[in-house]
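What follows is a pair of complexes built around chain A, which joins chain B in one and chain C in the other.
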Partner chain A sequence: MKKYLFLFLWALLGCQQQQASQGTKKMAIIVSTLNNPWFVFLAEKAAAKAQSLGYETKIFDSQNNTALETDHFENAIVSGYQAILFNPTDSDGSVSNVLKAKDAGIPVFCMDREVNNPAAATAQILSDSFSGSVAIASYFVKQLHKKGKYVEILGLVGDNNTWARSKGFHSVVDNYPQLEMVAQQSADFDRNKAMEVMESILQAHPNIDAVFCGNDAMAMGAYQALAGVGKAKQVKVFGFDGADDVVTAIKDGKITATGMQFPQTMAEMAAVFADQYLKGKRDFAQKIPVAVELVNAATIEDYTAFGKK
Partner chain B sequence: MTISLTKEKLYKLQSLIALLVLCTAISLLSDKFLTLANGWNVLRQISVNICISVGMTLIVLTAGIDLSVGSVLALAGAVAAGLLKNGIALEGLNLFVGFTLLGALLAGLLVGGLLGWLNGWVVTQCKVPPFVATLAMLTMARGFTMLWTKGFPISNLGANFDYLGTGWLLGVPVPVWISAWVVGIAWLLTSKTPLGRYIYAIGGNESAARLSGINIHRAKRIVYTIGGVLAALGGLMVTARLDSAQPNAGTGYELDAIAAVVIGGTSLSGGRGSIWGTVLGAIIIGVLNNGLVLLNVSPFWQQVVKGLVILLAVMIDRMNAKND
Partner chain C sequence: MRILSAVLYTVSIGVLGYFSVEIKPLDQVQKSKATKVDAPTFARTFIQEKLPATFDKAPSLGQLSEALQQNPTQAFAQWSHAVAIGNIRYFMVKGTAVVTAINEDEVLVTYQEAGKNIPVRLATEFVYGNAIRDAAGIFDIKAFTNTNDINAIAAALNAYVKKEVIAPFKQQLNKGDTIAFVGAIEMNQAHAQVQDFTILPIQLQKR
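== the complex of A and B ==
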């Protein structure tokens, strides 16, 4: 019996070896973090698309750590991945990693965030955070009738998305002198911190008209703080991302608007591009912006979490 | 005699004095600080940290440390939320088990206790230093949380669950009740029970404690288990407060807990310190967080200020320890 089992295993191993020698097609998916549903969704959609195109995939989690990302690139290069679908931890810090892959002849396709070197990645499919927050800001101004007091809750202060969103927002809102920002605080993209920060801000500024949050988790936290003191009806809350909870909250009239990003579109486009590259295509646009769409109660029916219906 | 007595009293009161100075300073700068509503805010916000820090105090008193509390908190919250919302399907047995609210809460606490016990087991049986053992648990428990939630929050848990984090009882927020009970029980444990004496003895001098017949391994396992249960309790409160179990909940909470313990005058080398000190430490951190936001201090500066306060507290503590 044991002998047969041994033979069976041997045969199985033999098969696998043969397959490997034929050259399995593999794509590596390296994402900045899996500690956030948005990036989990991005990574899973990229993997699903690559698999449907006939590739084996592996997801690497850089844990927001550029040094760990370097290790992942080295491992991916050594283990023979033919393409890398990449979501960088840092627009400057990640450049050398991408160049390393390029030197090894492996194409890199950036998703959502860019690296600041046009010669590094084969193509970059980018979420347009800046113009997305400009769209939110225009709606924000309209909703407040160009005047009132508001609070801004920032994401992680060391994250470039935090500032892209904040700058886009202020590029519009700061043109209206009667819109006064009474507090600007960070809540690290975290729902609980946003709730606590908002509770404290409400003590200092009980009469505000709106809150702009750098992501949807914080928008939910801010909303809960407002609901806790019975002010959810008077204060308009704006988020960014298009996460599940906020899509529901916009339907229920709890949150005013969010910027819907399209992680699935970006992820699938990156996988398709990589496939095309490996089949010989070489002319890719360096940067492909993917719009961030304003979603409010009027348009919410067309959308679902992280995308269009 | 009188001099040493006043000195000792001052030493015991140092955290309280620091808190009073801090409160006075903030209330001079903002008239919104000393209000009843803000007081409840601060107390409600620190109740999670108090639960965790009380457990951390017991562990630190034995000269140990628990870095896994934040991840254990996230896992316990996620387990309770997931079981309450979706139940669990045992596919092999073709069986579906639904959970009542109480069942889900107990399951969350059980998970915390189990992981805490594992920490204690690894520390005592495998002789792994607590720092390393609980660091490993920090990573593993976060991984289990991701596996359990698949990386997505579990939301909309119902008003009954949320009561634990957002409700009021006799004019006091429910989380404040819970943390007050935790503090009371832990105080009784440390000051009135044999286990309490063992904890101090182990931290003071482990060999002496062992030679005097204390089962130090058992005592340590109990202490780590309590730490795990309290982290889980904190997890249930965070989850209830947000009406959502976030997969990344509790990230960095171990640092807040250790800061509370240290600011409260508990020695990281064990044997010296108190539950009340830790409570004051947690209040100081809570007041600081609240005050910096009330004054709209830039988020960059907030981190610097918090670091300085921790440093200052430890430096004063060191000076006192030398004078003793």
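== the complex of A and C ==
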């Protein structure tokens, strides 16, 4: 009986998938987290572009959890989505999910974050995090006149962007021996965690000159912690993303600089590439870096949140 | 019996936890994402052998300045390059100039052509970013699948220039010297500063 039931369900699933391929065109948008406005913007822009190209869309929130991300991929595969626009949770941990989709004949286009397997995704459209951090770090060194104590707050340790930003930053800052990093801790790209981490670091190192954060949410968290102990004006805070509140904070002199990413460019390009793939194109560059621009008090008027005016 | 069960349960959880979680120091995680290419060797070959073949095609600084003021869109289309998509673009330029000041982080020069004097900064300390890698348009990103390699090459090119080109040159430089240069300029296409030039040197000669 069980065997017949299984066959019936399998046949039903097959019919549904065939229906999807013949009728409704659908793209799944799977993002690492919707608990960060930057990723909400990325997901919404990808969905809007896909819809403008004639696709139905659904946004899946992985909540920074690769197990949940796996569920979303399985759901997308059995629900007949023809392409996946993907923002991975973990550069290594997300590879198997992408390969699963690939085995099912579904192309995956990575947005902003990469997976560590050049044969997995069809194309990866990525912020040039390393170069963006190099630009921030040059400005950081100039602002600190090549000396002082600083803290680095890292993002998710499993994400390549975390290390690309950190390595880009250190490729510049480490050339100046009078710049001393007194603490380096992860806060998972999360504002509240960054605030807690910063509060804890300040107890051990109350006299610091600057904080470099792997994203803007953490920069705002670090700023809150510094403001809480009356050190917001003494300590320069640097972020990365170009998020709404940090753009405002740079205008207000609260945050010193950030790296402006262009999530709309990446999201729309991923949707266009997926559409082109489904229409027969196959020769995509594996990795397409998107430039990150330094935003500070001198250039802030040229920018708005998540992009250029 | 209840105590024994509790002990067994605790030990089981402990053993499972120990084998299912791997704790690594942050610097070890960073090292595992290291580059694979021999970036210093690549940089030396690129600067000594590949880039000089492109110098003839580079505009003079005067040509570029004029073109950016007359028709910036065409100037960017004709001469700028970049591996990444977006507004950050790079130009290769050349020319001769007179040294007006030697500062800690830069050398100030005046470029003279067709009766025009253009003040220029030659970066000698902040030689970072992708300008030297990308300006000539000959760096092929498709030859690399690892993003770390692409970044390592940019860093190695900058390090090579700073050590092998700038350091010996700056030592023997005096105010009033005439110099010949080939270098790379970074410019934001959406907000081009067409009168404000900072050049990252690639080749420098005292005349």
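Here is the rule we go by: the second predicted complex is superposed on the first by the 246 of 309 C-alpha atoms of A that agree within 3 Å, B and C clash if a C-alpha of one lies under 4 Å from a C-alpha of the other, contacts with A are read in each partner's own complex, and residues count from 1 in each chain.
FYI, a contact is a pair of C-beta atoms (placed from the backbone, for glycine too) under 8 Å apart; a residue touches a chain by one contact, two chains touch by 3 or more.
Since this is a predicted model, take the numbers as computed values, not measurements.
Within the superposed three-chain model, A:210 lies out of touch with both chain B and chain C [touch as defined at top]. When the shared chain is aligned, chain B comes close enough to touch A:200, but chain C does not. Judged by the touch definition given at the top, the superposed model places A:220 against chain B, while chain C stays out of reach. Using the contact criterion defined above for the overlaid structures, shared-chain residue A:154 touches chain B and also reaches chain C. Of the two partner chains, chain B and chain C are each touched by A:186. Looking at the shared chain after the overlay, A:34 reaches chain B, while chain C stays out of its contact range. Within the superposed three-chain model, A:228 lies in touch with chain B and out of touch with chain C [touch as defined at top]. Overlaid on A, the two complexes show chain B and chain C touching the same residues of chain A, namely 154, 157, 184, 186. Residues of chain C touching chain A in their complex: 26, 29-30, 33, 82-88, 126, 128-130, 141-142, 145, 147-148, 150-151, 154-155, 188, 190-191.
Interface residues of chain B, counted against chain A in their complex, comprise 30, 32-33, 35, 37-38, 41, 45, 146, 150-153, 155-156, 166, 238, 241-244, 246-249, 251, 289-290, 293-296, 299-300, 302. Here chain A touches chain C in the complex through residues 114, 118, 126, 128, 130-131, 134-135, 137-138, 141-142, 154, 157, 160, 163-164, 166-168, 171-172, 184, 186, 262, 265, 285-291, 293, 299, 302, 308, going by the rule given at the top. The touching residues of chain A, when paired with chain B in their complex, are 34-37, 40, 154, 157, 182-186, 190-192, 195-197, 199-201, 203-204, 217, 220-221, 224, 228-229, 244-245, 248.
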